[in-house]
Structures are given as structure tokens and as C-alpha cells.
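Both complexes shown next keep subunit A, but they swap its partner, so subunit B is in the first and subunit C is in the second.
For the complex of A and B:
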């Protein structure tokens, strides 16, 4: 069984790291680079950068942030927000990203998933899904940072994305995001069961037990953290140690060792 | 019938309706235009009213932006908080009765106001709510979440039949579907304060934060003219006098009771004071949202609000979409403009982002509740045997509404191009030389 990966999610808007509640009311937190470096130093496995208003403003200004991150962060970087074409993907990968996360553009033209995975390999094509609960056991996909409905069923969309060549799914619960009230475990479980590719659970982590339940009950392959790290409620080391103590298969760093050491 | 010649592209002598400034200007700092009307005394609002509009200084910056600057630079918030503590000490009661009254909907702002006054400043508030025209499901949820954070509440729901009629009249005469709500929003609290013998009323932020004259903001107390009237014969609802409502529309005097403003003599005599909490505490709408989420079960709406990008403000009334659609038609200012202007002032977004949002969302037709609102605004004979005769077309359908819409467009803002309506000078087509 492969390791459960611990990821830090950095939502950026212009020059700022931001954080919302249910993807709304974006509060400025600080310089994304400072936070990225900090999480890297603490031993995070991967980083996710999302320019969460890129589609809203129809712009794309992640390249600079990615370039500066790659100078002193040496772990896999997933980058998303405003990526609309194969050329955009090429630019982001050239700037130093390892994977791209795509939501809005894939919803508008699902073939883009196939084009990207064919050209660059499915390992770098992360399908980002913003899921909002409709009724028990049913979720609808949203785009433009949780603003626009699609009428598309999340589970069907995940399967379709996998068939088109997505290598991983970044699954964000719009209902739980920013609330620190726990992951939508049912959502993660339903999606994990529907597709054979890894599912990254995002949105809602408020304490360490939330993580354990989304891994054990939701079958998440990776977890994305934002609130608990940005607001300094937990450190990466605390999360990793606790996960290990619960027999979760995480990458083990020797005591006192981090990504730098 | 619309005289389209007034809306021709090259027409030079452009009529400006509603007393709006004939030359359109945009604030250099936010995205508001000089067409934004100040809050008016709605009881005096008739078809012929002339608007007072937002003031721009010699640098082309609006009063709301200047006020926002003063919030960060000039105002001593420590001292203001001390004034609040003194005020609370003066009015706080320990005999088991209410000591202040807080009107609100349970939105993020009233949640914050009531919660902080009770739990931080030790007050014993009674909350009162003037019902929206038609609750959204999430608006009702948030209203309940507010009370569940620990508050007694009186919900006043005006007779929906009368409310519908007044809304229709306000649409027909003033293109102002939100007006009947404003009556209660401003006058319910002082009236409830009188009937419950509570001397202190708290509203949230001052309207001057959005562009009423800056002089309004230097005093904590709310001007009585907004919620009290000395002479009932001077009261108009939807631009129609009380007398005409009774005579021509068959409205019973008792049905107008919820709309009648408070009596200023009585307010004076009982020493009721109305204060803005925004005078004492630095108001930051986005932080109110966070506060309401963290201290209660506040939820943003499940989809963005029509005509804008936001999900957290003013989301409880289905008629709200139409309110902002009408401001877009009359003044060229839609919901995205109001939201973006506020967020620019609070430094959540840049002006450039604001302009992009206005371009993307402003003036979007409120499709989602349209059929329900048309039905709400219709005046069928069986429910309104007298009033229905007063309307050329008592039942509203889309064609009628769109035709009515066009009669409220001002030629100085709108042009007719290839059979469709366009703003003459939208902010996203502003030329660079306009700045120089």
C-alpha cells in the first residue's frame, strides 16, 4: 500500500495567500511564498497552489509564484487556476510545476483532460472538482470557485474524468471548506469507490481526527490542509506523528529530520 | 410607448432622469459612479422626486472611499470603543428586562451586532426582524441560526397581500420593488422600542459607509427623518398618499399600520435613542461574515447571487435580485458595482479586479426567481377587487415587465444599438485619458 500523502493547499489571489469559508469571503493571510517555505521546512509531502480567482477574472498569473516557489521548495507542486489550454499547461510545467489541477476549463471542454494526459502523461493531470451536496449521497460539481452550478453529478464526472485520462482527483467539498468542521467523508468515500485513481480530500479539516476518519472511512489517498496550517492550529510534524501513531501509512521522517535536513 | 430617438447613439442633448448628474463620472478609487443616489426618506419619495447623489471631491474620489480612508487613518477606534462602553454602562439593565433593541435579519451584520453586544459588552438585547418579501431557504436558515446563538426575537411579517400591492405600486411608479421592505427596516425598531419601553436602539453600519454624506458619520445617532414623520398627510407609500391608497386601492387603514412611521414626539418624550454600532466599532463586512460563521451557524448562499459574484451579503430576500436590477436600469449601477466598490474600500480586491467583476456580472437579468416574482407582483381581481382596476395590466408577465423596465431607462445612461440596450459609458470602456 502506498503512503498517504500530506499536502498543504495554498489558495492565492494576486500577490496574497487567501483563505475563505465555503470558498467565499477570501481573507488575506500573507505572502504565499513564506507559507510554502514554512510547510516545506516542516516536512510536507506536496504543495498545491490554486489561483482561485483566475477563472473568475479570466487571467492567469501563477507563473511567477511557481517560479519563485521552485527556488527553495523541492517537493511535488500541483498548480491550478485559470489553466485553459495545453499551452497553458506547458508553461506551468516549464515554470517548475509537476502537476496541473483543472476544474473550470475541463467542465467547459472535457476533451482538454484527454489532450493534457496524452501530451504530458496522466500523472500530471489532476482533475479538480468542487463538490456541493445536493441530498444525502448526491453532489453537484461547481466551478468559478464555488460560484457557478453545472448540473453535473460529481461521481459521474469523476468517472468521466478518469476515463478521459485524469491521473488524480483533487476533491474539494464546498460545504465543508474553511469551516474546520471535518471533511465530507461520504463524498470522499463515494468518489474513491468510483475511480481507481488517487483522491485528494480537501476542505474541512479542523483537527487531527478529521484526517484519520477521512483516510480510514473515506479511503482518501491524500489530504489537503489549509485552515489548520495557515492559522497555526497544527504543524505538519504534529499531523504526521499522530497519523503514524494511528497506524496510518505516512512517509516517516526521523525525529528532528525535515525536508531540509 | 418609448421614444427611441432619445436613445440614439449620436444623440447629443441627453435627458437625465431623476435629477441625476448629466455627466457620468466614476470614482477614481472604487467603481461607484456619481449617479449613486443617497438614501432618501422613502415616505416622501414620489415620481417627481429629485435624487441627491454621492459626492465626489476635487480629486474625483467618492465620499465612501474617503470615509473608508478615515476609518484606517483618522478615527481613534480605542476611544470610540470607550464611548460604546460608556453608552452601554449608561443603559445596561440588571433587573431582568431588555436594555437595547437590535433590528436585523440574521445576516452577517446583525449577527455580529447582536452577538458582540450581548457576549462582549454585556447587554441584554431584544432583536426584531422585519420579514423579507419572500424568504430564500438560506435566508431562513441564517435567521434561525442567529436566534440559536442566544436571542429573543419578534418577527414582524406585514400582511403579504398588502405588501404585494405596495410592492407592485412601488414598481409601477418608482421601479423600486425593495421600497416596502425599507419602510419597515427603518421604522419597525423605533416603534418596537416604544412599545417595549426600551430606550436604546442599535443599527449596524452607517449608510455613509456606502456614500451618504460624510457629515452623517460623525454622529452616532441616526437622523430621525428616516424613521419618523410628524404629519401623516405627508406620508407616501410607493409614491401614493395614504388617502389615495385607501380611496383608490381599497386598502383599509389598519392594513397600513405596519408602514406608518413612528411618532417623533413620542420618541422624544420617551427618550428613545437610535445609534449606529458602526460609529463605535470598525465595521468590516467580510470579518462580520467570519464572525457569524465562527460564532453561529451562518452559511453563505449555495450559489452566487444574480448580478454579482458574492455569496454572503444580502441573501435572504428573493426580491433582492430585482432590487439591484432596477438600480442598474435607473442609475446604471448594479449589484456587482455595489459589492465591488465595498470590497475595494475594504481592500479585499483591487480596482482592476472590481472593473472586471462589474463587466462580468453587473446588470445580469434575475432569471432564477423571475416567474415567482412576476406572480408576486400580480394583482388578480379575486384577491384585490378594488386595486386591480388601477393597473393597465394587473397580471405581470415578462413582456409587460420588460416594457415597464424600458420606461425607467434614462437617455443619458442608455443607448439603443442594433435593437438592444447598452450603457453609453460603462466603466470597463473607460478611456485612459479620462484619468488625465
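For the complex of A and C:
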């Protein structure tokens, strides 16, 4: 068993860290770098930056935020939002990202997944799926922050993404996102059991037990946290310690990331 | 200030590696020129991607001979991820390919079944612990000095280096029970499969040790 990864998800709009409910009604939270550094110091395993308006307005503005993160945040960075071409991916990786998360552009042209994984390796091609429940046991993939329907079944899309070369799946439940009412455990479980690549559960974590159930019952390989960290309901250390006390495999840290230099 | 030459051959996350060395107060020179490599004091060979592409990137720039020449002169060398794999003699990634041959051994695929025959997820992605190989007593005098057994570092790879001689194995890790060579050493030549530039405090400690090597050797 490998360690379950604890990630912080930073939704970014322009220069600001924002947080919405079900990907709508965005609230400004602060400077993304301040939060990124804080989570790094607390010992987060990875950071995910998503530019949540980029695919609506057809632009790419995350590069500066990513470049500044590489100065003092030394953990893997995944970057998504508005990435449409192999050249976009190259620019994001050059800015210091380790992986890219692709949703809209992959739905519009699935071959992009193959092109990215072939050129840069599947380890950096994260397929981002926004899932909305249709009926019990069935979910539909959305894009543009849960606004646009695709008619594509989430589980089928996850399998197709894997076959095309995706190395991980960032799975966001649009229904649960920002509600703090818990992950959609059935969604995560159905997806994780359908593909042999890691699934990152995103959307809905409101307390520490939500995390345990999505790992134990949902077979998540990683969890993405936003609400609980941004609103300082929990620290990364509390999450890590509690996970360990529940026999969840997480990496052990003594005191977060103390400074060396 | 310690001057590091970082080899840029078109494979991977140069900026992140540069930033981590700068954070540890090194001056970083990024180069793809054989002359710069031959003349450098410390050489770092990073890399993400496929073995054959990596060797091709080095060969197209005429860097293979320069790196082998550098390595023969007892100066500190660090290969990271693909950079470590290329230190081996050969690789079995998509056919047999020749490596730099700095350390005897080969690069093989991580099996997609664990030691109990169960399917395991490939690539091996995530934080995993550094373990002392059974033949080693400690990491004193190496770039892992002051790192405790069990400290975690960040891995992402589908292939793994298998050194022929156990004395070249500096640190191991286990993926679902499967032994993976996490770091290798031959004198001043080091390689790490994990990404020190993405491994938080532990990775920075190793980078610090690497650039202070004249003091610890």
C-alpha cells in the first residue's frame, strides 16, 4: 500500500484565491501564495492550483502564481484551468508545475490526453473530471465549473482517459463541492475501482471523518481539501495525525516543514 | 558561493531544480554546452521522461562524453530521477538502450503486480520512506547524512534502477513490498530516484549536503 496523499486545492481567479459553493458564488479568500506557503509549512503533500475562470474567458493567468510558488514551496504542483494545447502544457511545466489538470479541452478533443502523455509522460497528465449525479450509481461529466453538460458518463470517461494515457484523475463532485457535507463516496469508489491509476477525491470535505470514509469506503488514493483548510477549520497536521490514528497510511512528519536553508 | 551546473537537455523541470538549489544558497548555471560541463565544479543531471529520449537529448548536444569526462574526475555529480537512471549501463524501457555507464546496473520496469500477485498502480507516485539497505550501517559522510531512516521523499516513476553491486545502493524504498533503489552512490557520484526539489525539508537537506560535499568528504 502506498501512502494516501493529502492535497490542498487552491481555486484561483485573477490574482486571488477564491472559494465557491458547488463551483459557483465565489468568495475571495486571499493571496494564493500566502496560503500555499502556509500549507507547505504545515506539511501538505501536494498543491493543486485551478484557474477557475480561464476556460470561460479563454486565457491563461496562472503562470505567475506558479512561478512564485517555486521559490519557496518544494512539493509537487498540479496546475489546471484554460490549458488547451501541448504548447500550453509546456509553458505551465516550464513555469514550475509538475502536472497539468485538463478538463474542458480533453472533453472537446480527447486525443489531447494522448498527445500530452506521449510528449511529457503520463505522470504529468491529470484528467480533471467534474461529476454531477444523474441517478443512484450514475454520474455525468461537466465542464466550465459544472455549468456545461457533456452527456458523457463519468466512469466511461475515466476509463477512456486512462486508455488515452492519463496518469491520475482529479475527481470533483459538483454536487458536494463547497458544501462541507462530505465527499460523494459512491462516485469516488465507482471511479477508483474502474481505473488502475490514482484517483484524487475532491469536493465536500467538511470534517475529518469525511476524509476517512472516502479513503476507506471510497478507495481514494488522495484527497483534495479546500474549505476546511482555507477557513482554518483544520490544519494539515491535524488531518495527518487523525488519519494516522485511524490506521490510514499517510507519510509521517515530525513538525510539518521546518525551514532549512 | 557554490556554483552548480544544471544540465539542460530538454527533459523536464529545470526551474524547480534551479529554485531548490538557489534556496540552498547555490549559484546555478543552466547549460547544454559540453565545455561548461567539463569545467564545472558540481554537476546536476535532472530529468523527467523516457530513457531513450533522455539519452538522445544528451547525445544531440554532444554531452555524453562531457558528462563521462566530468564523472571520471572525482567531482560531485547528482543525477535526479531520469538523471539517476541514465547513470546506469543500460535500460529496458521500450527496447534496450545504452546509458552513461557511471554505475554498473540496468533500468527495469516496476512490475504491475505486487509481491502478493495483486495488481498495483503504476507509476509509483507519492511520498515514500527512505530505508537503509541491509549492507549499510548509516548514511554518515554521504549526501543523506542527518536524514533519518523513514523520512519521506517524493517519487514519480514507472522504471527503476537496479545497481549490480550492492555497495552502490545508498538508500532503498519499498512499493507494496517491492524493493526500489531510492538512491545510489559511487564515490562522488550520486543518483536519486526521488525528486529532492519536490520533497520538502528532507529533499532540501539532501541538496544542502550535496553542495557542502567538500566539507563532509
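What we mean here is this: the second predicted complex is superposed on the first by the 254 of 261 C-alpha atoms of A that agree within 3 Å, B and C clash if a C-alpha of one lies under 4 Å from a C-alpha of the other, contacts with A are read in each partner's own complex, and residues count from 1 in each chain.
By our rule, a contact is a pair of C-beta atoms (placed from the backbone, for glycine too) under 8 Å apart; a residue touches a chain by one contact, two chains touch by 3 or more.
In this text the structure is predicted, and so the values were computed from the model without any measurement.
S.K.: Superpose on subunit A as described above, then tell me if subunit B and subunit C fit or clash.
M.R.: fit
S.K.: Comparing subunit C with subunit B, which touches more residues belonging to subunit A?
M.R.: Touching more of subunit A: C.
S.K.: Just subunit B (first), just subunit C (second), both, or neither: which does A:108 touch?
M.R.: A:108 contacts neither subunit B nor subunit C.
S.K.: In the overlaid three-chain picture, which partner chain does A:122 touch, first (subunit B) or second (subunit C), both, or neither?
M.R.: So A:122 only meets subunit C here.
S.K.: A:21 in the overlay: touching subunit B, subunit C, both, or neither? Say first, second, both or neither.
M.R.: first
S.K.: Pick one for A:132: touches subunit B only (first), subunit C only (second), both, or neither.
M.R.: A:132 contacts subunit B only, not subunit C.
S.K.: Applying the document's definition of touch, where does A:148 land relative to subunit B and subunit C: first, second, both, or neither?
M.R.: In the superposition, A:148 contacts subunit B only.
S.K.: In the superposed model, how near does subunit B get to subunit C, counting Cα atoms only, in Å?
M.R.: Minimum over all C-alpha pairs: 31 Å.
S.K.: Which residues of subunit A touch subunit C in their complex?
M.R.: 1-3, 5, 40, 43, 45, 67, 70-72, 74-76, 93-96, 98, 120-124, 167-168, 196-198, 221-222, 251-253, 257-261
S.K.: Quick one: in the complex, what on subunit C touches subunit A?
M.R.: Checking each residue of subunit C against subunit A gives 13-16, 19-20, 23-25, 48-50, 112, 119, 121-129, 150, 152, 154, 156-158, 175-176, 195, 197-201, 203-205, 208.
S.K.: Which part of subunit A faces subunit B closely enough to touch in the complex?
M.R.: Residues in contact with subunit B: 14, 21-22, 24-28, 53, 56-58, 132, 144, 146-149, 178-179.
S.K.: Per the contact definition, I'd like the list of subunit B residues that touch subunit A in the complex.
M.R.: Touching subunit A: residues 286, 289-290, 293, 299-300, 302-304, 309-312, 348, 350, 353, 356-357, 360 of subunit B.
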